[in-house]
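What follows is a set of structures to go through.
In what follows, subunit A forms one complex with subunit B and a second complex with subunit C.
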Partner chain A sequence: MSALWIAVAVWLAAWALNVWLAGRAASRSRLGKMLVPIIFGATVLVLWEGLVRGLNVAPVILPPPSAIAAKIATSLPVLWQDFAQTILKGAIPGFLIGAGAAFVVAIAIDRSPFLQKGLLPVGNFVAALPIVGLAPILVMWFGFDWQSKAAVVVVMVFFPILVNMVAGLQASERMQRDLMATWGASYWQTLVKLRLPAAMPFIFNGLKIASTLALIGAIVAEFFGSPVYGMGFRISTEVGRLGLDMVWAEIAVAALAGSALYGLVSLIERWVTFWHPSQRH
Partner chain B sequence: MKRALPVLTVLAGLVVLWYLAAVWMNSTWVYDQAERSGTEVPFGEMVAQTMNQDRPLLPPPHQVGAELWKGLFGQAVTSKRSLVYHGLVTLKGTMMGFGLGIAFGVLLAMAIVRFRVMDMSVMPWAIISQTVPIVALAPMIITVASQVGIEGRDLPKAIIAAYLSFFPVLVSMVKGLRSPDQMQLDLLRTYGAGEGATFLKLRLPASMPYFFASLKVAIAASLVGTIVGELPTGAIEGLGARMLIGSQFGEPLIMWASLFAAAILAGLLIVAVGFVERAARKRMGVPA
Partner chain C sequence: MKDTQAGAPVIEAKGLNLVFQTADGPVQALKDVNLTVNRGDFVSFIGPSGCGKTTFLRCIAALEHPTGGTLTVNGMSPDEARRKRAYGYVFQAAGLYPWRTIAGNIKLPLEIMGFDKAEQDRRVSQVLELVELKGFGKKFPWQLSGGMQQRASIARALAFDADILLMDEPFGALDEIVRDRLNEETLKLWARTEKTIGFVTHSIPEAVYLSTKIVVMSPRPGRITDIIDSPLPKERPLDIRDSREFIEIAHRVREGLRAGHHED
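After this line comes the complex of A and B, so read on.
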């Protein structure tokens, strides 16, 4: 039981520290903004470890973080192989193809307000549908390897990006477009110099939503058939064997990959849309 | 009519594309069959044959429609073959997850708005939680729940659905509860209102538009979560399970019919949330 009490004591002390930190002016600095959530996250791990050890929770229900860390350390090659299969071959190509297709379609229908008016509600509706349900069908079409995973990702990311892109292309103001017209700018010049930059905040909004959908799609598709590696495959087989430490190891990899992808998109967003109010602190 | 026409045109275009794709994808099978029996199929014959195969690669719309009709109205709603039955199972999971997600999201938002330390320590993790693909957790939540001794799949499904649906509610409620400006807050202070009264009479009503906007996202996310919860580990009830069964037994018609049933369910849920929103706005005296 002592492990439990130590963990609870650490938790309370860290929480008190956080309360103290949050109340100080220093917490508004960049360092303070990073420090407080990191302390919180670390204490969650300590509390988890203490709970599992103190209450003797069976490892088939919840393994302690130390066991998960040990598992990650010993099975790096397997984790890397799964990561390469699911993320590098499934999610990222699918994400790029889907985003590219949405970009092209949005520009293709840009000249027809009629099509836009029709496509926006349909796209909005489809974006809300449980598209993951297409996964078994696409696995049937494209086989078990990464092509089918990429295909699921393409379908999943296409509509959120398309809807945001179409909305973004309408974001420039009348006055700005009139100004371009007075300068004698052609359609393409207006598009490249005014409307695409104005659409960027919307596009990145769609890309951010899509970045998490991409991982979901790639992993779900593996539940319906995959080669004998890949994150979704590993998770479903290890759950069947009650190897929960391996499952958690994969989840940790998935969380890191998801956060990294999201972070990368945010970074590019900051670089591209530096002029937007939300980026100027 | 002016608004419906473009939508209908796009829909009609999609149906035409679908038919073309069906002919193209199913033709391989027709040509294979013909080659095996040593006959030639003219183009018109080939098109006709792609329209009503038993296990088409891509079923044309009318076949899906017929299967959907059969599933929805072909038998008693208590039958295991009825899509209404499976839809209700999925609906139950969705609503449980939706309720859990709303409760969790609103409570967390209240804590975050009230306590600065909550805002600083929990909010970044709430954002990170959404970059974790929940589907990675889904099979585990289900096995662990059964080991802990929770009967049935309703609760694990609801947890997965809640995990996906709490986030939009949380983000919107934080924004909404912070939306009253300093003037309004000062006015309440001059009235001598305490923190509870400020919350009930100013912050909560001010957050309602944000709340309802988030509900539409949350209900769709909740449905996705429920279906994902039904997919991975051998569920037998629910629309997700029907898709899995269709996939395992090589019955594309079942897959497509349950996919469209899920789409119809999603549409109904979004419309229902819209109704509740309109009723609430009217009740609060917002001009329509």
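After this line comes the complex of A and C, so read on.
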């Protein structure tokens, strides 16, 4: 039981430390801003470790973080192979293809009211299909390898980006479009110089939603057939072998990859839409 | 070469009508509007909201299309004039693009019209000086005050050097003090550039102070009730607003506005 009490003591001490830090001017510095969440994260891990050890929780139910870290350290080549298969080959190409397709279709919809009436409902319909129904079909169509995973990701990310971009293209003000008209601007000039820049905050909202969906899609699609590697494959087989520490190791990798992808999109967003009130500092 | 001389007609409206089809049935926005604006005129359109003053300006700019009568700008249809970049338009709000710097905003119409790079830069610095915003070219719009933003939007309308400047309540959202300053600057600008200016306002002192010709309009249906040629000299210090002539013109404008209301 001593591990439990140590964990609780560490938790309370770290809590007090963070409260103290947050009240000081130092917490507004760059270092202070990073220190508080790092202490919090470390506390969660210590508490987790202490609870699991102190209460003798079975590793199948919840392994301690130290066991997960040890598993990660000893299976780096496997984790890297799975990461490359699922994220680098499945999620990211699917995300890029889906985003590119949504971009082109959004402009086509914008050009033609006919497509607006016809394509948006179809997109809506596809988005409403459950992923567990769609994934096996796409695996049948595109094979077991990463191509079918990328296809699932394309389907998943396409609609949120499309809807956001179609909304974004309406975001420019009437006065701004009138101005373009008074200068005799063409459709494409108005699109490139006014409507696309004005749509960027919307487009990035769609991209951020899609970046997490891409990860989910690539992992879940592997449940329905894959080569003998990949994060989804590993999770489903290790669950069957009660290798829960490996499942947690994959979850840790997935969480890191998802955060990194989201962070990257947010970073590009800050750079592109620096002018938007939500990004001005 | 006759039509480039001062005093030649630039904008001519004859029997102009505009009916909007709305959900509540047709609305007569303009009824039988006859007006000639000559080169170098400063024409103000004044009237209560719904009198069609903005609509008339938008017709000149080909942003609205009349349903009856004739309207010519520089002897062409408004649409042709728009494509020939006959005018610069200043809206009530500055409408600067926040992702572009002030200089970038002024450059935008020049990019669209295909001016080369060196010419763009030359014109930007020229108009920035004209509206007294020299040194603010690299700022973004949101870093400037409302008055400065509106001056930047005027610079943008001047950059491609159209003969006609159409201004739709450009200072309506600004406070009295800033408005006075910008009115003075607008007059200076008009004197220096010798442009023809169409100016929509709902302020009687602003209309009388600025204009050589005041067009009084009234609503339901939108129509012209009086056209006043101002006897004030071209040089107008701000305190001209206390002179007798000024007060007399203002009185006549007010009477015209009231007469329009009586007919309701």
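Going forward, the second predicted complex is superposed on the first by the 257 of 281 C-alpha atoms of A that agree within 3 Å, B and C clash if a C-alpha of one lies under 4 Å from a C-alpha of the other, contacts with A are read in each partner's own complex, and residues count from 1 in each chain.
Note that in this section contacts are C-beta pairs under 8 Å (C-beta built on N, C-alpha and C of every residue); 3 or more make two chains touch, one makes a residue touch a chain.
Nothing here was measured: the structure is a model prediction, and the numbers come from that model.
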Inset, instruction - Check the residue A:197 against both partner chains and state whether it touches subunit B (first), subunit C (second), both, or neither. - result: second
Inset, instruction - Determine, under the contact definition given at the top, whether A:219 touches first (subunit B), second (subunit C), both, or neither. - result: first
Legend entry - Contacts of A:185 with subunit B and subunit C, given as first, second, both or neither: second
Inset, instruction - For A:275, select first, second, both or neither according to whether it touches subunit B, subunit C, the two together, or no partner. - result: second
Inset, instruction - For A:175, decide between first (touching subunit B), second (touching subunit C), both and neither. - result: second
Legend entry - Greater subunit A contact set [subunit C / subunit B]: B
Legend entry - Complex contacts: residues of subunit C adjacent to subunit A: 61-63, 82-85, 87-89, 91, 93, 95, 97-99, 108-109, 111-113, 140, 142, 160
Legend entry - subunit B contact footprint on subunit A (complex, rising order): 15, 18-19, 21-23, 27, 32-33, 36-37, 39-41, 58, 60-62, 114-119, 121-122, 125, 128-130, 132-137, 139-141, 211-212, 215-216, 219-220, 223-224, 231-232, 235-236, 239, 242, 244, 247, 250-251, 254-255, 258-259, 261-262
Legend entry - subunit B residues within the subunit A interface of the complex: 3, 5-11, 14, 25, 57, 116-117, 119-125, 128, 130-137, 139-140, 143-144, 147-148, 216-217, 220, 223-224, 227-228, 231-233, 239-240, 243-244, 246-247, 250, 252, 255-256, 258-259, 262-263, 266-267, 270
Legend entry - In the complex, subunit A residues that touch subunit C: 173, 175-176, 178-185, 189, 193-194, 197-198, 200, 273-277, 280
